[in-house]
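Each chain carries a letter (A, B and C) given by its place in the written order, and its residues are counted from 1.
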Amino acid sequence: MNVEWVGEALEKLRKRRPLVHNITNFVVMNTTANALLAIGASPVMAHAEEELEEMIKIADAVVINIGTLDRQWISSMEKAVKIAGELEKPIVLDPVGAGATILRTKTALKLLESGNVSILRGNFGEISALLGEHGKTRGVDSITYEEGAAKRLAFRAAEEFGLVAAVTGETDYVSDGKRIYAIENGTPMLGRVTGTGCMVTAITGAFVAVDVEKPLMAAVSALVVFGIAAEKANEEAEYPGSFHVKLYDWLYRIDGELINKRAKVRKVEP
Amino acid sequence: MNVEWVGEALEKLRKRRPLVHNITNFVVMNTTANALLAIGASPVMAHAEEELEEMIKIADAVVINIGTLDRQWISSMEKAVKIAGELEKPIVLDPVGAGATILRTKTALKLLESGNVSILRGNFGEISALLGEHGKTRGVDSITYEEGAAKRLAFRAAEEFGLVAAVTGETDYVSDGKRIYAIENGTPMLGRVTGTGCMVTAITGAFVAVDVEKPLMAAVSALVVFGIAAEKANEEAEYPGSFHVKLYDWLYRIDGELINKRAKVRKVEP
Amino acid sequence: MNVEWVGEALEKLRKRRPLVHNITNFVVMNTTANALLAIGASPVMAHAEEELEEMIKIADAVVINIGTLDRQWISSMEKAVKIAGELEKPIVLDPVGAGATILRTKTALKLLESGNVSILRGNFGEISALLGEHGKTRGVDSITYEEGAAKRLAFRAAEEFGLVAAVTGETDYVSDGKRIYAIENGTPMLGRVTGTGCMVTAITGAFVAVDVEKPLMAAVSALVVFGIAAEKANEEAEYPGSFHVKLYDWLYRIDGELINKRAKVRKVEP
């Protein structure tokens, strides 16, 4: 399909340099800040409740990532989601480790249930855990992993939570509960560097920041751009340390022409 | 001008391997520790109030960076500034995000008002926010951004706070309230890697650690050395991931000869 | 000596991809996660007390690193050591900075005195501080640094604490209180990158995770593999930024053949 709109979104992002406010985990703070800078956005990290309102006022999007939780940070995240909702700033949520512990599942669900999250980006296990737990009180059947399950999961999560859901894996599926896109860019080497999922979540924040009315397109754009950058990085570097370095290089270098040439994205039926 | 003293300061730093104690933000802890190791200093990071006194006793300088604040960390920073003052250890302060939120402005001002900070290193927005807020209660006119404003800001901040102020930007200005130096080393690529300002602050701590009586020279040395290392890194690597890697390489490789060849530093009139 | 078992342990590790749960310091979280991924393990970082039990249940080993302590994290570490002990999961402890402050020495000792730690990995100063302090209440003579002291320290720490002690330095010594191994792989460049000690501790966790009955062999394997990877990285990159990148590459690339060719490990008499 024609993906010129992805390159255009990237150009717009680079022109506007949106300020992306992150409340994220300790492991990837440096990584996601550098990914945002490389792609052309401006990152800020702040978690003190006293400054959240001022920070979110000047931010163009808020990215919440629950990778290293504790009580204080959960409280900050809840407050940030509330404020961002009031200020109508788009929120992207990365439910790292949902399903692995009750704390993570519950925290992610509570943030989702605010109704303020625009885009939910996670892997199959995380999103299905959230949908399953949510379903317990809502009568939703659980989804088991199988061929086609990721696609249905994205669709159902989008419907149930009323947002755009991006379920990433070998093939990524993004849905707003009506349409579904499948993206097949990327490389297995992404699994050998910590925080690559968190990076794509942060970059999703940068895309939705410059086009708040189009969260579905933002999520697709981020996955396509990140996936292609990773492919190019992997072509230049076959081991994880060097690959990681080249990934930032290609987030900086990627442009519309490269996207048009390499994008593997298609609309699929629910 | 003759800058042989910069190379000599660097040689001294490498011989003594000063221990630089950092209370810094989560995003750049790894980055600044690696910058300190690359240049030839020894970093330590510690924020527990219970161990601050012991840590500062063995440290040669203390670097405080307010990039990711919360109540607990503010309390640690205040205690560290008090202890370092009593023990006569030089303190370098990086007021990351001052002006963006009241919490950051107030925290930086409170640390400054201890009278124990030797060097304040920030960008135009940060330093002018601090001077403006400080001025509200002291009758100081605010400074608006214009040609020459950064130079005057460095001078005024130095005067007002009674320290060495380093205002970094396209041209860096460093002043002790009497003299002013302008440094023009560096590359725009520094803006594409997170924590490069925090790195130069940490390196400033390493320079002042080995010559506590000369904070003005320490701040100038750090900016010259870091700027040249960045230029060399950018000559070898034109994209941000690779540039970041080469930056550490050049902090390790830079020597007096390279400094003499490349330094763009001059004394300017107030 | 024949070291084919090291290559076999590495192969086993890569086949099983053990989940290593880390409660570690802010500076190296990203670094150790990437080291674990590069070698072939799966890292998880979690410190909230509410989720420790669930996390440790699914983990194959627990790595505790006290590099940036505070009350909340100490409490988490104590709880994790207790839970891991009950669940019979191997624990590796890195007592970063023990001896430098009372807080660190005491915290490490308290964790050790649980009796649940399998492997203690630190430098000469850290381990001797722990043994000395422990000795104060147990009648152990202190050990001063001298030729052969590191070997005796490893042996004595192993005996006293009832675990495997790995004392790393120019030559690394690993002992279980009966046998002692000396390892001479590595490069001084490791001292120019932050968290390389923490990396080898984390990798030790990955090795013991797949062979819980053999903590001595796990500690030796980790030091040999990490040391050789560092040597190869240093052959390709002579400066710290590039060296750091290549270190991950070689953790990924190293195999039994390379280990057999390069391992410098020998059994020594107590």
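Operating definition for what follows: a contact is a pair of C-beta atoms (placed from the backbone, for glycine too) under 8 Å apart; a residue touches a chain by one contact, two chains touch by 3 or more.
Treat the numbers as computed from the prediction; the structure is a model and nothing was measured.
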Inset, instruction - Could you classify the connectivity of these chains, where an edge means two chains touch, as line, ring, star, complete or other? - result: complete
Inset, instruction - Rotation angle, subunit A onto subunit C: superpose the C-alpha atoms of these two copies and give the value as a multiple of 5 degrees. - result: 120
Inset, instruction - Round to the nearest whole Å and give the separation of the Cα centres of subunit B and subunit C. - result: 34
Legend entry - Numbers and ranges of subunit A residues touching at least 2 other chains: 26, 30, 244-245
Legend entry - Complex interface listing, subunit A residues touching subunit C: 25-28, 30-31, 67-71, 97, 100-104, 191-195, 239-242, 244-245
Legend entry - Residue ranges of subunit C touching subunit A (in the complex, touch as defined): 26, 29-30, 33-34, 37-38, 43-48, 50-51, 54-55, 58, 72, 244-250, 252-253
